[in-house]
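Okay, so chain A shows up in both of these, paired with chain B first and chain C after.
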Partner chain A sequence: MGGQKKGGARVSEDAEEQSPQRLQAILLADSFATKFRPVTLERPKVLLPIVNVPMIGYTLAWLEYAGIEEVFVFCCAHAIQIIEYLEKSEWYSHPNLVVRTIESHKSISAGDALRYMYEQQAETSQIQGDFVLVSGDTVSNMPLADLIQEHRERKKKDEKAIMTMAIKQSKSSSLTHQSRLGTDQLFIAVDPLTKQLLHYEEDKIDHPRGSVCLDKSLLESNPSVLVSNDMQDCYIDICSPEVLSLFEDNFDYQHLRRHFVKGVLVDDIMGYKIFTHEIHSSYAARIDNFRSYDTVSKDIIQRWTYPYVPDINFSGNRPLKLGRQGIYRACDAVLSRSADVGASSVIGYGTKIGDGVKILNSVIGNGCSIGSNVVIEGSYIWNNVTIEDGCEIRNAIVCDGVKIRAGAVLEPGVVLSFNVVVGRDFVVPAYSKVSLLQQPTTEDSDEELEYADSSSGTADHLSGLNLQMESKASELGPDGAGYIWEVCEGAHDEEWKHSVAPIPKDKLAEITQAIDDDDTDDESVVPTSGELKSDADSINTDMNDPNDDYCYFEKEVEGTVLRAVEENIKVDLVTLEINGLRLSYNMESADCAGATFYSMMKLAVDTPHNSASELYKNAASIITKWKELLGFYVKKIDEQIEVIMKFEEMCQEPPKELGPLFTQILHLLYDKDVLQEDAILRWAEEKAGADETDKVYLKQCETFIQWLKEASEEEDEDDEDEEDDD
Partner chain B sequence: MDFQVVILAGGFSSNLVPLVSKEVPKALLPVANRPVLSYVLDLLESNNLKDLIVVVEGEDAALKVGGWISSACVDRLHVEVAAVAENVGTAGALRAIAHHLTANDILIVSGDIVSDIPPGAVAATHRRHDAAVTVMLCAQPVSGPSESGGSGGKDKTKKPACEDIVGLDSWKQFLLYIAKGTEIKKDTRVNKSILCAAGKMELRSDLMDSHIYAFKRSVLQEVLDQKPAFRSLKQDVLPYLVRTQLRSDVSSDQNNVEENGNGKNNMQNNEVVLSQVLSNASLPSFHQVYESGLDSRKTHKCCVYIADESKYFVRLNSIQAFMDVNRDVIGDANHLSGYSFSAHHNIVHPSAELGSKTTVGPHCMLGEGSQVGDKCSVKRSVIGRHCRIGSNVKIVNSVVMDHATIGDGCSIQGSVICSNAQLQERVTLRDCQVEAGYIVCAGGEHKGETFARK
Partner chain C sequence: MPDVQSMVAEFVNKLRKRKIEGSQATAKCTVELLRSVISHQRVPHANQAAALIDAVKAVGQQLVAANPVELAVGNVVRRVLHIIREEDLSLTTAAMAGLDLLDASDDDDIDNCKGIGYPAMSAAVVAAAARSTLRPPSLQTLLEGTPESATVPYTSSSGADSESKTADKSSLTRKLKHDVIEGVNQLIHEISGCHEQIAEQAIEHIHQNEVILTLGSSRTVLEFLCAAKEKKRSFRVFVAEGAPRYQGHLLAKELVARGLQTTVITDSAVFAMISRVNMVIIGAHAVMANGGVIGPVGVNMAALAAKKHAVPFVVLAGSHKLCPLYPHNPEVLLNELRSPSELLDFGEFSDCLDFGAGSGSLQVVNPTFDYVPPNLVSLFITDTGGHNPSYMYRLIADYYSADDLVM
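Let's look at the complex of A and B:
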C-alpha cells in the first residue's frame, strides 16, 4: 500500500507541475467477451463494421474530436489485424491524435489488460495523469473536456475520488428488464448532491425478481440516496492513476464493473470513491451484443451520433449521399428501377441491386450484389456479399463474403459469419449462428483470446462448446458451406434477448404471464423485504432473533478457535477475542463456554480419522492443548453444566461419531480439571428426571458417575476420618 | 370539502409519565398554557376543516377531553368525541369508529402535533392525484427539535435519530417505500418491481412522517376489514398500501360505484378525472403506465405532500419534545401561540405580580394571577396560572404548570413542575420532572430525576 501511495503522489505532483496535461486515453480493443461469436473468431470485435465503418473508427474519431491527444490501443485477440487496420486507415499518422498500440496476448480480461498497463507503466511511465478508459466498441459524441476537468477538480479536493463514470438515462423495458441495448437492467444508487456512486448492481438473469439490497451504511451516512434503474452505464470512465494500481493490488479483479467497481464500493478501508456524470444531450453507447449492434446502427442512421454519421468522413470512410427518408446511398451503387429501397437504409459503394428488390431498415455494405426479387428487412449485410434471386432475409447479420443462393430464407436473428454459403432454397432457422469454423471445443479455445469475462460464463460456454457438431459441412443444404453452432443450454434466453431480431410477440406474452405469476407468488410469500412487518411476522422474527444471534456467535467463535489452532495463537489473545465477540453479541459467559467447547470438538471431528479411537485421540490432544482456554470460561458450575449439555447436543448431531465416546471424553474433561465432579453430578441429577430418550448418555456414563459419587463419598469419609483423627 | 377529519388524541402515553396522569390525558397537556389539542384544532379550523371526530383512548380520558372541547370551541367547530378501548393501536381505533366515517376521504391527524403546516394542502394533493393515501412528510429537524439553540447545547451534540426512511419518485409526488428509522441499522431492500416502474427512487432519511394522512375511505375500510391483525396505521396499514401499490387488492373505484351506484357518483368520478387531466395532463403517472402495460392489473397511488422546510412541526411524544415545544411556541415559533408578545418578547399576564428586582427575560410566559417574589430571574420558561414563586428563585428553560408553589431560593433548570406540585425552600433541580401534587423537600439538590408517587 505504501508503495502504491507513493506512486499516486508522484503522479499527481507531476500533474501539478506540467499542467496543462496531455489528455490520454486507454482504449481496450478487445471486449473480453464471447457475445459476438462466431464472428469474432475470425475478426476482432472492434473491427466489425457498424454502418460500414469499423467500430474502433467511431471510438477513435470521437476521442480525437473530444480533444484526447494520446490514445493507447490495447490489443489482445487478433492484434495483428487491428494494427494493420490502424496503419491502413492512417490513424497512426494522425496530426492531433497520437495512437500507440500495446500488445498483450496473455490478458484475458480488462483487469489483466490494466495490470499489464501498470507493469508497462513502471518502465515507461506513459500514463501521466488522469486518463479516459473506454473500450473500442463505443459509439459516442459526448464532449470529454468538461468531464475531465470536473474529475480533476474533484480529485484536487478529494484525493479519494479516483474515477468518474458516464451514465445516461435509458429506461429499460418493464417486461424484459433489459435496456434497449440489450444489456441487463442496472440498479445504481447515487448521492443526489455529490453524485457519488454508492451502489452498483446489474440484475442477474438467474434471479431477476425480488429486491435491491442497499447496505445499511449507505442511508446512515447519507440523508438522501437516489436509487435508479433508468440509467445506462456508458462504459466511459475518467480514471486517475490509482485505478491502475488498484488493479495491480487486487489481482483477482477481472471485470471493470463486476469486480472493480463493486470492490471499490465495498472497500471502506481505502475509502476510494467513484462518481457519476450524467450525460443528457449527447450520445454514448457501447456495442455489447447483437441487440445493441442493431440499436446503435439505427441510432447512427437516425443521426443521433452526429457528426459520426454515414454522410460525413470521420474515419477514412467514403461519405455516402443522404437522400429523403434517411436513405444513404453511395454514388456508384447500381439500383434497378424496380428496386424499392425503404426508409432508413444504407447502400454501400459498388453494390448492385436487381429488379424487384425490397429493402427496408437495412444496411448493405460495399461491393455486394443482390439478385432480383430479394427481400431484405432490418438486416445488416456487410461487404462483398452475394445474394441470389428470390432470397428473403429478415433481421439477420450477414458477414463479408457470404453467398446466399437463390430462394434461401434467413429467419429472424440469424448470424452468418464470414464466407458462409447458404444452399439453394435452404431455410436457416431463427437465431442460428453459422460459421465456416466448427464450434470450438474446450481444447482449442486457446486459439482465440476472446474469453468469457466471468469464470461462470466460461464454464457455461465451454460445456456448451463440447456439443460439437462433427463434420457437417453441408448443414446449409447440399451446395452450402458452414456449421450451424449449437446454442448452449444456459444461453437459450440470451438467444432472443441479445439477437438483432425484435422480441417476438409470443415471447412478450409469455413474459407478461410470467410476471403475473411472479406477482401472485410474491403475494403469498410476502417476505416484506425489510419493510415494516405486520404484527404476526414481527412476533415470529422476534422469537427467532436470539437464536440467530447465537448461531452467528457460535460460528464466529468457531472461526476464532480454528484460526487459533491453525496459527497457534496464544491462549490469552484468543480469550480476548472471544470476549470481544461475547460483548458484541451480548452473550453470557456460559454461552462462550458452550461455543468454545463446541468448536473444539468440531475441530476434533473434522480432523481426519479412521476409527473411534483415533477420534478420541484427536479430541484428547485438542482438549489437552486448549484446556486453559476452556478453563477460562468454565469457572462456575453452571458454565460447566452448559458444556456438558452442549456436548450431549453434539453427540446427537449426525453422524453421531462422538456418541460412543461420550463417557471417555467426559472422563478426560474431569481428569484435565475442566469439569468438576460437582458439575457432573448436578448434571446427572438434572437429567435423572428427563425423558428416556434424553437419558441415553446419562446411562452410558452411569458407571463413571457411580464412581464419582463413591469417590466423593469416600472423600467425605476421609474428611470425616481426618476430623476424627484430630 | 367532503373531508372528514379524525384526530387521534391518544390516552395516557407512557412516554410522558409523569407529566400525564388520570387528571391530565396527553391531549390536554399544556403548551404555553393551553392544551396541545387546541393547536391541532386551531390548525384545522384555519384550513376550514370543521367536521371533526376526536378519538380518545379510555372512557375517563374521553370525558375529560370532551369536557374541555365543549367548553372551549363548541361554537366554532363541529366536534364529536369518541372513546375507544385502550391499547387498540391507531388502526384499531379507526376500526372502532368506522361507522362514523361517511365522507369519501378521511383526513387523519395525530392529536399531539404542534405545527403550522397546512393539512388542507394534504387534502388537496390527495384529491388531485386521486390517491389511495397521501402522507404528509416534513423535514426532520437538524439538531433535535430545537432550532432556537437557546439551551440546546445538549441537543446539538446528539445526532438526531432517524425517524423514517422514505422512498420518493423523481417528482417527489409518490411514496414508493417506507420503513421505520430503526431499520436504518439493517440493509435496505427495495422492491424491484416498484423501482422499475418508477425508474428512480430517492431514499431519504431526512424526512419524517408527520402523522397527517389522507385516506380514501373505501381503501382504508377495506384494508382494516381484510387485515384484522393490523394495529397501527403507520407501521401496518401504510407500508402495506405502499408495498402493494402496483398490485392493488383494494379496488377503490368499483366499490364506490357499488356502494352508491348512482349517476351523481359517476359525475364525481368524471370530475376527478377531469381535474387530474387539468392538473398534470402532460405526464401520466408511472402507475397508469404500468397498468396499461399489463392487463387485469390494478394499481393505487400513494402520494406525499412535503411540507416546506420553514414550517414548524413537532410531535409532543416525549418529555424532551414537551420541553422543546413549550420553549419554541413562546420563542421562535411564537406565531403558533396565538398570543401577542410584549416588546420584551415575553408575555406577562396583567394580573401577574412581580416582586422587586425580579426579571422576566425574553421568550417567557407568566400566566394569569401568578405571583413572583423579589430578586427572581425567569428565562425562557413558561409559568402557568396562579403559581406562587418565592424570592431569589431562578427558573431557566423550564415549564411550571398551574398552581405550582416554589419556595424561596430554588433554582430550576430544564425541568417540568406539574400543577399543584410544591418545591420547598432552596431546592435545586436540573433536568427533573415533578409529578402533579408532589412535594419536593427543602434543600435538596437533584439532577435528572423524576419525582412521582410510586
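Let's look at the complex of A and C:
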C-alpha cells in the first residue's frame, strides 16, 4: 500500500481546490487475463516492451497528450514492479499529469477493480466526475477532449447516457473471421442517428452461416439500426460516475464487455444507455494477445501511432534514428558490414550484430548481442538477449536475458520467457511457450499464480529454479534451461490464431476448403455492414431457430424437476429455479407449463414399471405430489391447452406406453384441478377440425369430453336455476 | 529558478509531442524561454558571459534534442548565444577603450585601475578584445549600423567609457545581463516583425497582371501577397493544395477573404500550370547554410518545374529560419515522417495492412518536408532584403558565432 499512501498524501491537499471539470482517467494496469502467459508470470503485462517501450508508457503518454490531468493506475498482479517503474520514470514528476497508484491484490477482474475503486471513493472521493477508463495496454493517439465534451453534453441532456465507448473501423479477415488484433469478429448494432449502442456481440458466432441474432424489440423501438461487423472495440470508455456504482450494485459483473455492457444493454429497468464514438483519423488498439502484440508493433513501426513512434522521445525512451525503409537504429548499435537489416526493423541501444546476419521485420531491444549468420524474421527480441552463431528465429517473441545457443532454431509462434536458455542445435517446436517456471498444474492454482503477489519473491525463486535446472536435464537440450509448457486442452486449435506467427498456409487452405464446402449449401453471407429498416423481414431469417432454444430449456427444466423429485425440494424453490430458467431462455409461462409437465411424465415413464396400470400409478403419484408446481404455470386456459398438446405429443413418442393411458391421465389432471374443463373443451374444439391422424387421442377420450360437456351444461342450468332463485 | 526549470520541461514536452507547429511560433517561444532563463541565471563575478553561455547552451541542447527536425529552435538558441558573445565583446571593447584612455594619460594608473575595475580580466581576454577591435565590421553592421546605432545596445555602451573605470562589480554584472536581455528583446521583436519586413518588399517583386504560384500554407507568403495587393497591384494566385495536409486550402480561403484572385490546383497539376506562372513564391521551413531550402513536401517538384520553364523560384524566410548547418543527407535527417492516417483511412485499408495471413502488406510513407537544392532557388527574400542562394553563408556568418555551430 506504500504507493497508494504516497499518492494519497499528495491528493488530499489540493483535491478540494480542483474544479469538477478536471479530466481524470482510471488505468487498469492488469489485463485480468492469461493470454500473455508464461511471460506475465514474471512481469506484469503493462511493463512488457512493445517496440522497446513498456506498454504503459504509450498509454500514459497518450493520456497526457490528450489532456488528462490525473490518472489512477490500478495495480494488481506484480503491483510492486509497476510502482517501481512509475517511480523511476518521468511520470511521477510530470508537470501536467498527476499519476497515482492504487494497489489491490484481491481483485481478479476488471469488475473487482472498479468495485474497489468505488469503495475507495466513499472515503476519498477521488473521482470527481466523468472519467476515462482504459487498460494499461492501450496504444492510441486519439484526442480525448472532444469526446469527453460530447459525453458530458449528452449526459446533461440525458441522465441515462452513462458511457461512451470508442470504436474504430477495422476490417476483419474474411477467412478466419478474426480481427487484425486476433480477437473474434465483433458484431455491433448502433442507432445511426444517436449513435446509441443497441447490441454487442463478440462471442463466438456461427461464422460460416454468418448469422447474428437481434432482438426484435430493437427494431420496434428504433426506426433504423446499423449493424456492422467491421468495427473494432478500442476498449477506451468515457464513463460517468454511475458506472462505478453499477459495478457495485451488480457484484457479478466481472468483464467490462461480456458482463457490464451486455448487462446494461439487457437491463431495461434502469434504462442506462451506452453510446459509441467512431474514431477515424487517429489510431487506437489494445494489445490483448500475442497476435495483437505483433500487429500493434507493426503499426507503431509504420507510424500509425505518430507521435508515439521510436524516433520520438515520448515516454523517457531514447529516440532512435529513422532511416530509409522504416529502419530505426540506435546511434551506438554496432552492425557488421555484412549484416543485412531489412525493412521495418528496429535495433536498440548497445546492440551488437555480427557478420552475415539477416534481419527483417523484427524488433531488437537494447544490449543484445547477435552472433554471425543468424536469421531473424518477424520476431521480437527484447533486451539483453544473447543469440549465438547460426540460429534461426522466425516469428517468435524472445524475452529479456534469454540465451540461444549456436545453431538453435525457433519455429514460428514460439515464446521464450525470461532467462530461458535454448540448447545447442535444439529446435523449439512451433507455438511452444517456454519458461523457467513450471506450468501450473491445475486450473485452480492457475489463478493463484497469476494474481497473487509473487513479485517480491520472484528473484529468489528464480535463482533457486536456475540451480534446479542445472542439475536436471532440460527440456531444451542438454545445455538449455526451461520448461516447455503444454498447450491447454481447449486452446489447442486456437493456438495459431493468437500467436505472433502469421497463419500458416496449410491452415488457411483448410479454412478456405471449409468455407467452400459450406458455400454449396448456404450461399448467403452477411454483408460487411448494412442498414436494416424496422420493416425488413430479412432479420427474421437471420434469427436463430427458436426450437433449439426450447430444446435446451426443456432439458434444463427436466434436470431441475428430476433433482427436485430426488432430493425432495420444496415446491417454492423449484418454481423459483424454473422461473430463473424461463428468464434466461426468454420463454413464456406456457412453455414452462409444457416443459414441466413433460418432465414429470418422463419421470413417470422412466420409473421402472411392468404394466400399464403400474405406469398409471406412477404418473398419478407424481402428479398428485407435484400438482402445485404444475398449477403454478397453468393458471390460464392457454397454458392448460399447451399442457394437453404436450401430453398428446408425448403419447406419440416412440415407446407409446402413455398412449393408452391418455384419457385416464387427462381425467386425473381434471380431478386434481390441474386442468379446467374449459381448457379441455377448447382443446377438443380446436382438434375437431384437425386431420384424422391427429384425432386419435380426441377419439380416445370422446366419452370423457362428452361427460364434461354434459356436466357443464348441467352446471349452466344450475347457474340459471340459481339466478332464477334470486 | 524552479519555475524556469518547469518552464523548460514544459516546452521540451510540447516540442516532443509536436504540439507546437510552425517555425515562427516555435522560434518565438524559444526566445522567450531563453530570455527568462537568462534573467533568472545567477551570474558569478568572474567570467559572466561564460556562465550565461553555459546556461543557454544547456537549455538549448535539451530543446534541440526534443525536436531535432524543428531547426528554428537551434537557430534561435545560436542567435542568443551570439548575442551574449557580442555583448561581452562590446563590453570588453569598451573597457579596452577605457584602458587605452588611461594608458595614454598615465601608465601608473593601469595596474591600479585593473585592480579596482577589472580584477578578473585576464591578459588573454584583453588581447582578444584588442584583436576584435581590429576585426572588420560585418556587412550587416555596415548596412544597418548608421540608422539604428542609437537603439543597438552594444553601441550605446561605447559612450560609457569614462564611467566604466569607476563602475563597481555589481553594476557591471547587471550591465552585461541587461544588455543581453535588451539584445534578446530585439531578437523577439525581429522575429515577430519579420512578416512585415518581408512584406514591405513585395511591391518590388510582384508586378501588375502577374500569375503567382505558391504551395502549402505560410503566413509569410500570405502577408507578402496581401501587401502587394494593398499597394493596388492586381495579380492572380495559384495555390497548390499541399497534400496530404491540404494547408493550401486554408491559404486559399484567407487569400480570398483578403480579396485576391485565387485558384486552387492539385499538387500534381503544378507542372501543367507552370508555363502560365510568372513567379513561384514559397515559404521555407528552414534555409540551410548552402542555400538549400527545407519546405513543405512537394516543393522540390515545383522548383524543378519552375527551373524547366525558367520561372523565378522565390523563397521567403525570416532570419530565424536561417540555419548554420549543412544538409547532410537531408531527405532523411531533416525530415519528419508523420502518421499515414493523413494519407488514407485506416479502417478502409485495414485488411491490407500487415495481417497475420502473411500476405503482402501495405506501407505508407508520409514525409513532411522536401529539400530544394540551392541551384533551383532564384532568390531569397529575408527581412534584410533579397539575397542570392550563394550569399546565404555570409548572412549566416553575421548572425551566428562559429563557436556555436556545434552545440
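We take it that the second predicted complex is superposed on the first by the 459 of 726 C-alpha atoms of A that agree within 3 Å, B and C clash if a C-alpha of one lies under 4 Å from a C-alpha of the other, contacts with A are read in each partner's own complex, and residues count from 1 in each chain.
The rule is simple: a residue touches a chain if its C-beta (ideal position, glycine included) is under 8 Å from a C-beta of that chain, and two chains touch if they have at least 3 such contacts.
Owing to the predicted nature of the structure, the values given are computational and were not obtained by experimental measurement.
Q: Of the partners chain B and chain C, which touch A:K171 in the superposed model: first, second, both, neither?
A: A:K171 contacts both chain B and chain C.
Q: Identify the partner contact of A:G182: answer first if only chain B is touched, second if only chain C is, both if each is, neither if none is.
A: The second partner, chain C, only.
Q: Based on the superposed arrangement, let me know which partner A:I637 touches: chain B (first), chain C (second), both, or neither?
A: A:I637 sits against neither chain B nor chain C.
Q: Is A:L322 touching the first partner chain B, the second partner chain C, both, or neither of them?
A: In the superposition, A:L322 touches chain C alone.
Q: Taking the superposition on A as described, I'd like to know which of chain B and chain C A:P95 touches: first, second, both or neither.
A: second
Q: So in the superposed three-chain picture, is A:I312 touching just chain B, just chain C, both, or none of them (first/second/both/neither)?
A: In the superposed model, A:I312 contacts chain C only, not chain B.
Q: Could you look at A:D230 and tell me whether it touches chain B, chain C, both or neither (first, second, both, neither)?
A: both
Q: Touch check for A:M645: first (chain B), second (chain C), both, or neither?
A: Neither partner.
Q: Which parts of chain A are touched by chain B and by chain C alike?
A: In the superposed arrangement, which is not itself an observed complex, chain A uses residues 171-172, 175, 230 for both chain B and chain C.
Q: Where on chain B is chain A touching in the complex?
A: The contact residues of chain B facing chain A are 162, 165, 167, 177-180, 183-193, 195-197, 199-206, 227, 229-231, 235-236, 239-240, 242-243, 247, 289-290, 293-294, 296-297.
Q: For chain A, which residues count as touching chain B in their complex?
A: Where chain A meets chain B, its residues are 171-172, 174-175, 177, 185, 187, 189, 192, 203, 209-216, 218-220, 222-230, 512, 515-516, 519, 522-523, 526, 528-532, 534-536.
Q: For the complex, give me every residue of chain C touching chain A.
A: 6, 9-10, 13, 16-19, 65-66, 332, 337-342, 345-348, 350-351, 353-358, 361, 363-364, 366
Q: In their shared complex, at which residues does chain A touch chain C?
A: My answer: residues 61, 65, 95-96, 141, 168-173, 175, 178, 180, 182, 230, 280-283, 291, 294-295, 298-299, 302-307, 312-314, 322-324, 326, 343-344, 501-503, 505, 508.
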